[in-house]
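As written, the chains take the letters A, B, C and D, and residue 1 is the first residue of each chain.
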Amino acid sequence: MMKRFVSPARVRTVLLLLAVMMLATSCGWSLWDNPMTTVRPRSDFGRWIDEIFMLISWTTLVIFIAVEGGLLYCCWRFRDRPGAPIPKQIHGHTPLEIGWTVAFALVLLIIGIPTIKIIFRTQEAPAATDLHVNVVGHQWWWEFQYPDYKITTADELHLPGGRTAAFYLHAPDVIHSFWMPQLGGKRDVVPHRVNRIILTPDVPKVTTEHPGQCAEYCGTSHANMRFRVIVHPEGEFEQWVKAQQAPPVDSTDPLAQQGKDLFTKSTCVGCHSIAGVSAGHIGPDLTHFASRGTFAGSLMKSTPDNVAKWIENPQQMKPGALMPNLGITSEQSKAMAAYLLSLK
Amino acid sequence: MAESHAAAVAHSGGHASIRTYINVAVALTILTTLEVASLYIPGIPNWLLVTALIVMAGLKFFLVVGFFMHLRYDSSVMRALFVGPLFIAILIILALMALFSAFILLPHHVL
Amino acid sequence: MATQAAFMPGTEAAKRQSVLWSWLTTVDHKRIGILYGTSAFIFFLIGGIEAVIMRLQLARPDNTLVSAQTFNELFTMHGTTMIFLAVMPLSASFFNYMIPLMIGARDVAFPRLNALSYWIFLAGALFLNSSWLLGMAPDGGWFGYANLSSDQFSPAMNIDFWMLGLQILGFSSMLAGFNFIVTIINMRAPGMTLMRMPVFIWMSFVTQFLLVLAFPAITVGLILLMFDRFFGTLFYMPSAGGDPLLWQHLFWIFGHPEVYILILPAMGIVSEVLPTFARKPLFGAPFVIFSGITIGFLGFGVWSHHMFAVGMGPVADSAFSIATMLIAVPTGVKILNWIATLWGGSLRFKTPLYFSLGFIAMFTMGGLSGVMHASPPVDLQQTDSYFVVAHFHYVLFGGSIFGLFSGIYYWWPKINGRLLDERLGLWHFWLMLIGFNVTFFPQHFLGLIGMPRRIYTYAPDLGWNFWNMVSTIGALIIVLSFLIFIVNVIKTIRSGTVAGPDPWDGRTLEWSIPSPPPVYNFAIEPVVHDRDEFWLQKYGDGHGGKPATRPRAATAQDIAAIHMPAPSYWPILLALAVAFMISGLLVSMYQVIAGGLLTLIFMYKFAMEHHRPAPGHGH
Amino acid sequence: MADHAVAAHAVHDPNIGNTGLDHRKMGMWIFLGSDCMFFGSLIGTYLSYKGKSLSGPGPHDVFNIPLTSYSAALLLASSLFMVLALARLQEHRVKAAALWLFLTAAAGLHFVLNQVYEFTTFALHEGLRLSTNLFGSTFFVLTGFHGAHVTGGVLWLTILMVLALRGRLDHRDYTKVEIAGLYWHFVDIVWIAIFAVIYLIP
């Protein structure tokens, strides 16, 4: 039935397939430069990982080519020919087999030794001079606290380039995983346990934004638990800290005034804190809400429209969100959005 | 005695004589008494107590499995089927214990 | 048991039984194998449909085909279904059908227990899937991580269905495991020493040990979860000092051996198919066998490599990393031995061989990407990203499914008596190979550019759009390939080419008997001299030695003297009672108690079915 | 038909495999191996959580070592009774075997009742319940599952005893009693481990 396994037509098909695969792969290479790429690291931690990943990739690529090549060669070379006699019944070749067992073990040494070095290098104790950041993973948003500066923010992490930062990961509800792909590997955020990540972001030329995301399934809106890391060039971080430490300034805009009124009289104050206005601790701190580019688990840009829609119907925008639909009318929500967006 | 023992072995895959059973039971009683008594030795160092208790429990375990369950006389297949899993189970208990104290446990409120 | 009326084809008693009744009460390992295989394939299709819906949802960013909740249910049920209801029972169907045939036995050691395993499996599978009908499909992931699975964060019954369903399925797997271990040790034909066992039998043997030793760990994990949810214990409750990581440890102590439970049977199948179609023995069979044993044993010491990101500390990370890398050695040895089996052979390119070659090619890729995240630092980037999704689909789809389908094409003529169509088979193979790679290869890219797993939606500006679309198209190609397989089965099941006893010029005992085999399998118990006994009978040892003697032809008297176990309705009744008892936990304690009593009574009946009747009764 | 069956028995006992070993006994040993993993996981859980309760009472506030020692002795004695039952059965002394089976089951039942007493004392007088603290959770679940194993064993032994008294069990059923014995001894050795590791080690 399958007498001619290798026909010209078939060879052409295989070549075509190979060409398509190469094309596809080269598309892949051009796609490495994406906002959440893991292979264009921007920190020491990320580079250590990338180093060993590249080492393993090249090693396995060699094995891959040898094995798949050998397989294809066997398929071509030992295909059944009409009238072929029964092949020699070889049962094995012990020295050869011991040989490749040992060879595999040696290859693993190449990978294993640097792996262990980097395991220990990436889990060293923090230094007192490190920037201390508490990362708190909530269902489904991120809270970032800077105890040294007494600042709390949400869904937006600001880091000074070139300064080592120590992240302490806290989970008040379920397990999350804190992942800033371009700055390095993830760590799970586990209740009743404080994990750590220590890394030094590269000094960028201009303020750079790296999206991050929760990487451990944590319930309905796991996909919506995103955040942004903003790495500042020298000096800029301190400015940001000053702005955040300052109390919010009341806007003179009447709509915002009306929004503030609504906010203080509604149940909002039970969950959200705005310095000098309210002191809730369940939802994100809103003191400098307008200074952040995105909100609600970094799901949306902070435009008046988005914010108003969110206040009116959070459940629609982030399924399962702990902020309930409060029966706020669209007029009211517009006013409240204006207020929140005045909190620079 | 020896004959009846041999007959018994031939009959059913083998087991010990009644006298052996009684001897084992006596040994088990003594070991249990020692276990409990060792708790009340005044000033016994903790490590010694723990080691002694584990050794004695291990001995009792071995006596019951070896004699009452006839594993000493049984086919090596049966022995492998039980001892192998027992070995893995013990390793897993030890690994779990190691893992649960090796975690970095910082106080909950570093905030 | 011989004390009951023997079930013999053609007897009056057999004719009177309705077909349905005979299947419900069957204890014939071949029929149970067919039941397992059919159910598994149906669940495989259900799991596949779940996968396709997910792929359609992810085809575009910000898509709204399904809701977040539905998507979470889909990936939970897809994983659970594919692992517990598709790949495991598909393997079980080969264990059931082929183990007795390949070791020259007439049945398994405990035929009724075998039926019980199947019915419990089916009950558990239906219980788990009934949650769809109630709109409460499990939504905690197939791994069900605590403390998301706790009462506080998952108050609805979704998790209960998953937890209890898995518990039921676990009983089934463990019972089957006990049965097959005894069968393989105790029922080999005379002369079949352990090292003369076919390699499929060896891999099945190791798998059974993994089943009976790994499942207790998840049984305990699930019991603790059940107590947490129903009786207020604090095992996974962080506020009371409980550690959600305990669940992860118990789960992966089971979960990692489970990976080998899924792949070893496929490796066994490949180890049978390659020699048959290369017409030469498996190269270095002892190495392959010992590799399998080593993989099985080491499989119990690597579970924490699923947890490198939880912060176990550098020492534990290093230890589990080294152990994990060690497993790559026996795995690599196997792959080279398979290729060496092809070397110098005379390869007849039939569908089963294509699938086995596909297995080697794809599994190698899965294995190599596995080496990458055996390194904890690299794992910190790759775990819970699409890179890992790609990796384990290369292992479980490219590996297990390709291997199992190789087995289906290989043994189908033995089971059905007719060959599957070769041309449709090749279409199936090539479409599946292409579709599989188009679906899953781009997921490596997606993982490396930061796409996390288990997200129902993603933003359009992250560079994930193109590869997600490609992946979805690939999934549709896979669907097409399986449609072709179904057409193939429908086309040939009654009218395919008659296979005869030995269509592939096979090497092992199952090919020495008619297709499909008679109820008693072997009219004359074979005597075994070699791993490739049937080949030896046909061709000799290839070194000028004489062919082994074939068993003498059976006479009518021989066949009349064969006693096969009688059918029994206790297995299905007992399985129903168990399911009734466990599902009672969702309804009322009275049902649990009633179900428990029924279970006890039926167990007694089951145990006493073949006990000597009381003196003065009948004889 | 009966003659038929007897003849077949004489030729080949369907419970004996080609290795000469009994299927059922081998099955029981594997089950026990698997049960090692079951109790191993439970004991591992207990030990991992040892001393991590956030509130009292702790083990040494509630344990009644003399009572538990008595329970341990009961199980050990029952193991002896079990092997004696088996020996009597082999000597074709069915009634004596039934007596020893009865004593085994009775000792087992006594053990279970002690445990019920222990549990209720803990719950009612010491304020230790499943949901009190981690110790309560781990302790009750571990020892409770052991107790369930014992209860199952008592049922099994009782059934064998009744069968023996009714003349439906004799030396030909040696293996049936033997595997019940294996199970029973296993329950005993699990208690040996629990007794030392949970009750005695401080």
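Keep in mind that, in the parts below, a residue touches a chain if its C-beta (ideal position, glycine included) is under 8 Å from a C-beta of that chain, and two chains touch if they have at least 3 such contacts.
Bear in mind the structure is a predicted one, so any value in this text is a computation, not a measurement.
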Exercise for review: Could you tell me which two chains share the largest number of C-beta contact pairs?
Suggested key: A-C
Review point. Hey, which chain is the most central one here, using CA centres?
Key: C
Check your understanding: chain B to chain D: how many Å between their CA centres?
Key -> 15
Point to revise | chain B-chain C separation of Cα centroids, rounded to whole Å | key: 36
Revision key, fill the gap. In whole angstrom, the CA-centroid distance of chain C from chain D equals 33
**Study point:** Centroid distance [mean C-alpha coordinates] between chain D and chain A, Å
**Key:** 52
Point to revise | Where chain B touches two or more other chains, by residue | key: 77, 81, 84-85, 88, 92, 96, 99-100, 103-104
**Study point:** Shared-contact residues (touching 2 or more other chains) in chain A
**Key:** 192-193, 195-196
Exercise for review: Could you list the positions in chain C whose residues touch two or more of the other chains?
Suggested key: 181, 185, 212-213, 217, 241-243, 245-246, 253, 311, 313
Point to revise | chain A to chain C touching residues, read off their complex | key: 1-2, 5, 24, 27-28, 31-32, 34-39, 48-49, 52-53, 56-57, 60, 63-64, 67-68, 70-71, 74-75, 78-81, 84-94, 96-97, 100-101, 104-105, 108, 111-112, 115-116, 118-120, 122-123, 139, 173-175, 177, 179, 181-182, 184-188, 190-193, 195-196, 211, 213-224, 226, 319-320
Point to revise | Touching residues (chain side chain C, partner chain D) in the complex | key: 1-3, 5, 109-110, 174, 177-179, 181-182, 185-190, 212-217, 219-221, 223-224, 227, 231-235, 240-243, 246, 250, 253, 561, 563, 565, 600, 604, 611-612, 614-615, 618-619
Check your understanding: Which residues of chain D touch chain C in their complex?
Key -> 1-2, 4-5, 8-9, 14, 17-19, 21, 23, 26-27, 30-31, 33-35, 37-38, 40-42, 45, 48-49, 52-54, 130-131, 133-134, 136-138, 140-141, 145, 155, 159, 163, 166-168, 172-173
Exercise for review: Would you mind writing out the residues of chain C in touch with chain A in their complex?
Suggested key: 67-69, 72, 139-141, 145, 147-148, 153-154, 238-239, 241-245, 278-281, 283-287, 309-311, 313-314, 317-318, 321-322, 325-326, 328-329, 332-333, 335-337, 339-340, 342-350, 357, 360-361, 364-365, 368-369, 371-372, 374-385, 422, 441-442, 445, 447-459, 461-464, 466-467, 470, 539, 541-543
Check your understanding: In the complex of these two chains, what residues of chain C are touching chain B?
Key -> 181, 185, 209, 212-213, 217, 243, 245-246, 249, 253, 300-301, 304, 311-313, 315-316
